[in-house]
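Quick heads-up: structures coming right below.
In what comes next, chain A is part of two complexes: it sits with chain B in the first one and with chain C in the second one.
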Partner chain A sequence: MTHTAVVVGGNRTPFVKAGTKYASASAQDLLTAAIDGLVARFGLAGAKIDEVAAGAVLKHSRDFNLTRESVLGSALSPHTPAVDLAQACATGLEAVIYTSNKIRLGQARSAIAGGTDSASDAPIVVTEGLRKAILRASRARSLGDRLKALASIRPSDLMPVPPAVIEPRTGLSMGESQALTTTRWEVSREDQDQLSYDSHQNLARAWDSGFFDDLVTAYRGVSRDSILRADTTLEKLASLRTVFGRGDDATMTAGNSTALTDGAAVVLLAEESLARERNWPVLAKVVDSQIAAADYVTGAEDLLLAPTRAIPELLERGGLTLDDFELFEFHEAFASTVLATLKALEQNGVGAVDRAKVNVDGSSLAAGHPFAATGGRIVASLAKRLAERGSGAKGLISICAAGGQGAVMILEAL
Partner chain B sequence: MSVLETLFNSPLGQLVAKQAGLKPPPKLRRGRVLPTGPVVLAELPGADGAARAALGLLDVETADPIADVAENRIADDRGRQVPRPYTTPPGAVVVDATGVRTIAELEGLRQVLRPAVRSLERSGRVIIVATDASAVEGLEAHAVAQGIDGINRTVAKELRAGSTSNLLFLRGDTGADDLVSTMSFLLEGRSAFVSGQTWRVGPAKALHALDDRPFEGRVVVVTGAARGIGTAIAEVFARDGASVVAIDVPAGGDSLAQVANRIGGSALQLDITAADAGERIAAHVARVHGADARIWAIVHNAGITRDKMLANLDEKLWGQVLEVNLAAEIRINDYLLGDVVPGGFGDEARIVGIASTSGVAGNKGQTNYAASKAGVMGYTWELSRQLADRPITAGAVAPGFIETEMTGAIPFVQREIFRRTNSLGQGGRPVDVAETLAYLCSPASGGVDGQVIRVCGQNLVGA
Partner chain C sequence: MGAKLPRGEVSLDDYRQDLEQSAAYARVTGFSVKDAVPATWLHVCTFGLQGRILRSKEFPFSLAGLVHVSNEMVLHRPVGVAERLRLAVTAENLQPHKKGATFELRGRIHVGDELVWEGSSNYLSTKADVPGDPPETKRLPMPEAQAGGASQRWRLPADLGRQYARVSGDWNPIHLHPLTARIFGFPRPIIHGMWTHARALAAFGGQLPDAYRVRVQFTKPILLPGRVGFVVDGDSFAVVDKEGKPKLVGELTEVPAAS
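Here is the complex of A and B:
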């Protein structure tokens, strides 16, 4: 008996710039709201879902059971089990892969997958010096030892350590790493700004047409993505100063890089027969997926171009080429990430991607990028678009992630 | 809260208000709760017995009335001849006046009502059942039918302590089965804020027995459900068993989702003015409840106000209100009344809308709103007429002053005047509107068709 995992629908909060309207919402609050919106849309209050998988990139230690806690706070049946997953920015897509695989194996018939992140409510930790001193003091058997441990604390140890998206092995921030890629692949400022402009235009058009009416539920008085600038122009984008890279090579600005964002997104998945029994929309099936990792530490490869390794593997396994896809979703960590990915695919002989098919409803530059929520946002939107195009329409999703990893997935309308 | 309002609500303010005659209003009996005292049934000569039979169907035991005739009178402490009081305050007095055709026979109403008006328990009920003008012959009988309406409206104004009076006109061939849901509604606390009203009950096109959970297994669509009266409507239908589809604009999505999840319903984010709103409602019903599911009832509650004196009212504010409050409702119904589609209307659908006392009587600064709400009434009457050969019913309620966030924004003094200028001396609650809508939509209310019922505590405006 083969099982088919299909995307039935999705829900997310509007995404907002960190430190604004959701500043006091935790990642758990956001995930709970996203789940509750989905539950309401499908009338699932009190229902048991076979499994909920989600995660967050910025996690407090109290969030060890983030997804289960969110489920318990939601309108779902308390008998709904949950799991936390983590794969940096690929977390959301990895959650879809995990749950769809369970559905395909017959271990689940319904699932919710997604992710959440609050850059506003990010954990702030103490320094290693302070942490070790406190641990030593708690192990100490005598007052003297205890005092000695505490005396080792230096004033500098008392500074809190704010979160930063830094690669531990290179010491470079995400933007700094991408600046190297931008230079290496000779991605121009104009191309980046154009991609960013298109992203805002496309997302604005999708909002205006009501595309998100059944994909987004308002939260805390916000009913639209707040980073979206429908009125931005190429001139405005061109006028922004660069923030990553050095000298003439610096082309990356706040306009063509994603902003720190708060939000959550989830997707409802089901075994095809259950979806048909329930008369749920069978938007698209999960065809296949692939993860790859790049050797970025040595500098031989780029931090965020691992999808260029995953895509050919996935295509080969399915006997497909890039021409077989009607739509592409390349996560816009930075405009230059997408552009470098496309260049690399072409240069590596995988094929050329028609830019008109890429991110037709905008992506992370315009919507924002609450790290773990991005996968759920993309899967739900793409599945809906593919369903509109009709049976057989295929879409490819590509998401880059910290640690030099990349996750890709193929969806196909049934 | 204004300084004046804070002062008014302080202990001192309340004391002064009491001295000035502004007593706290009576607490109304609400919900599916019958009166505690006996239900007195007064059958005037020629009564057709439908009221007695309907009370029988409700398992309500009836007591005999005291008629205000010479042998029933006693002297009060000042020596005046007054009717003998009831030993136990009646919970309700039901007067079956279906046989009354002459002016002389109206005396029968006076005889049974006089002893009752001062002895009813708190939140008691006067229910008068008479024959509709369409089913009587002769000039005097028509005059008398309307005369009974005058009696009802006046009794409602004279009753105290939260008691209400309402009149039912029975069309020809109305039986107890047709009347029972209305009788139950009027006796119970569900009709708390309905007083001084008259409406018609006729033979139902399809009969259903009365049930405490009448919407069990039935899908009910409520627009504007994210807050205020709409939320109360969704909650009451859910209490009565309905699978509620809660609709509101996407901007209200989070509270809509909360409402839907709390009552085990589902949420549809939809601007009802969208051209394809009807299709999207049907599609949602089919998606959540399966392709065979049908809508039992739709409550067109969504509405907006854009108040301006006519001198300041432009075409935009004019159009918005008419579009949301009236045009959208007509478009959605047109679609759902058309071809049978998955998730569309069932054979016996109930279509109800919300009119307003502003529509009945007009209201300063609300030409657009009054046009839309009076329009809902005109639409409801004609819709019901056009659907005469289908067992679908159409109806509406016209709320008066209801305590909501919207009315809470009215300046304090004005608000206090609005809320007190009705026979019950208080504002209604959203649940009062909801209960009346649920009564109209009840499977057992098939005989209540084309009626607009005011839920206004007999507001002085337009009464």
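Here is the complex of A and C:
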């Protein structure tokens, strides 16, 4: 008995710049809102879904059961189980892989997969000195021991450690790592700005044409992605000062790098026969997926180019080439990530990607990138586009992640 | 010579809900920050108008002796945080009571011409005297606790009254600090009844219906800091002390949603 996992639809909050309209909402609030929007769209109030998988990259220790707590706050049946997953920026796509595999194995017939992140409500880390002293004090058996533990706290221990996206093994921020890649793969400023410009133009066109009407639900008075600049120009992008890289090599700006973003996105997946029974849309099936990792610590490879390892493995297993795809979704961590990925695929002999098929409805540069939510955004949008193209249309998703990892997936319209 | 309530309604057109305040309210009372707001938040929206009636020259009773006895509200349909509201409050239904007199503050909220929320707060004035026989009041049924007791335990911190005052605008000194509470005869501050009400509604999580009627009776004050339990059995719910005695008894029923 074989089972087919299909994408039924999706829902997300509009994405907004961190510290703005969603500043008072937590990652859990955002995920709950995304789930509730999906529940409303597909009439799932009170329904038991076989499993909900989601996660967040910026996670408070109180959110140890973030997804289950969001389910309990949603209108889904309390009998809906949930799991938290984490694979940095690939979290959302990994959640789709996990749930679609369960559907394919017959362990689930319906599932929700996605992710959420609030850079506004990020956990603040305390210093090691303070953390250890508090732990010692909580273990102390006498008042004296407790006071002794607390007395060991130095004034410098009280400084909060500012949140940052730093690779623990290299000490480089993601932008600094990508600056190395940008230089190595000789990605020009002009190409980066052009890709960023296209992203804004494409996303704006998708919004204007109503493409997101059944993919996004307004939240906190926001009904459209707020980072989107439909009126930006190549001249404006060219005028921005560089923020990553050194000297003449510096080409990366705030305009061709993603902004810190708040938002959540979820996808409804089902076994094909269940979707047909319920008269749910059958947008696309999950064909296959692959994870890979790069040796970035030694500098031999690039932090964000692991998808260039995953893609050939995936193509080989399916007997496919890059020419078999009508659409490509390359997550725009930075414009230069996408451009270096395309160059590497070509140089490694995997093949050339037609730029006109890439990110046709915009991607993270224009929409924003609430880390764990990006996978859900891409899967729902691509599945809808493929369904419009008609049966057999294939799409490839590629998402890079911290730790030198990459997740890729093939969707195909049924 | 009996006391008379002020006549007529006080109202506010085109009331814009404060997004930040509604999120902070959700945080303090245990709700998720959703665009569809809880019925108890809409009560908070009318709280300023309630105050205008209670502080008006025509209002016959002293504020210091007022006790919030019970509350009832109906949410006719989900109300969005971005919706503009028309708020109206009246004072009605003055009745004799064995400890004084009771009256209701009735609130109504419209969006356009549509009635979306109604609320009624029943107050007892112990310093009032209204002639006549007190009408009988029905006690809400106490829910049956599961074997083993309350299924939820809430820890109420010492500053919860100040937290709730900030998000609700109810700065009654009995809720704020031991010193101010002592002036009014409480050994410690007590939490606002409407916090307990909201927290109980939040305990239903995502299972709250789109449209509902909720009634609560405040039976005993909760001292801060404190610990209470929550018991639910079908439509009935209660907030209880550690012996299982009720602090609040309530009833939640789904009503057909107005579309």
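Assume the second predicted complex is superposed on the first by the 398 of 414 C-alpha atoms of A that agree within 3 Å, B and C clash if a C-alpha of one lies under 4 Å from a C-alpha of the other, contacts with A are read in each partner's own complex, and residues count from 1 in each chain.
Quick note on the criterion: contacts are C-beta pairs under 8 Å (C-beta built on N, C-alpha and C of every residue); 3 or more make two chains touch, one makes a residue touch a chain.
Fair warning: this is a prediction, and the values are worked out from it, not measured in the lab.
S.K.: Record, for the superposition on chain A, whether partners chain B and chain C clash or fit.
M.R.: clash
S.K.: Once chain A of both complexes is superposed, is A:S364 in touch with chain B (first), chain C (second), both, or neither?
M.R.: Neither partner.
S.K.: Output check: A:A75 vs chain B and chain C. Expected answer is one of first, second, both, neither. What do you get?
M.R.: Both chain B and chain C are touched by A:A75.
S.K.: Based on the superposed arrangement, let me know which partner A:Q194 touches: chain B (first), chain C (second), both, or neither?
M.R.: neither
S.K.: First (chain B), second (chain C), both or neither: which does A:R41 touch?
M.R.: first
S.K.: Taking the superposition as given, does A:G210 touch the first partner, chain B, the second, chain C, both, or neither?
M.R.: First partner only, chain B.
S.K.: Which of the two partners, first being chain B and second being chain C, lies in contact with A:S336: first, second, both, or neither?
M.R.: So A:S336 meets neither chain B nor chain C here.
S.K.: Check the contacts made with chain A and report whether chain B or chain C touches more of its residues.
M.R.: Counting residues of chain A touched by each partner, the higher count goes to B.
S.K.: Kindly classify A:R220 by the partners it touches after superposition: chain B alone (first), chain C alone (second), both, or neither?
M.R.: In the superposition, A:R220 touches chain B and chain C alike.
S.K.: Kindly classify A:Q405 by the partners it touches after superposition: chain B alone (first), chain C alone (second), both, or neither?
M.R.: neither
S.K.: Just to be sure I read the superposition right, which of the two partners does A:S110 touch: chain B = first, chain C = second, or both, or neither?
M.R.: neither
S.K.: Across the two complexes, find the residues of chain A that touch chain B and also touch chain C.
M.R.: 33, 36, 74-75, 218-220
S.K.: Within the complex, which stretch of chain B touches chain A?
M.R.: Answer in residue numbers: 243, 246, 250-254, 256-258, 260-271, 274, 286-291, 342.
S.K.: Mind pulling up the chain C residues that touch chain A in the complex?
M.R.: 19-20, 23-24, 27, 32-35, 81-82, 205-207
S.K.: Quick check: in the complex, which residue numbers of chain A touch chain B?
M.R.: 33, 36-37, 39-43, 45-46, 74-75, 210, 212-214, 216-220, 223, 278-281
S.K.: Mind pulling up the chain A residues that touch chain C in the complex?
M.R.: 21, 24-26, 28-29, 32-33, 36, 71-76, 78, 218-221
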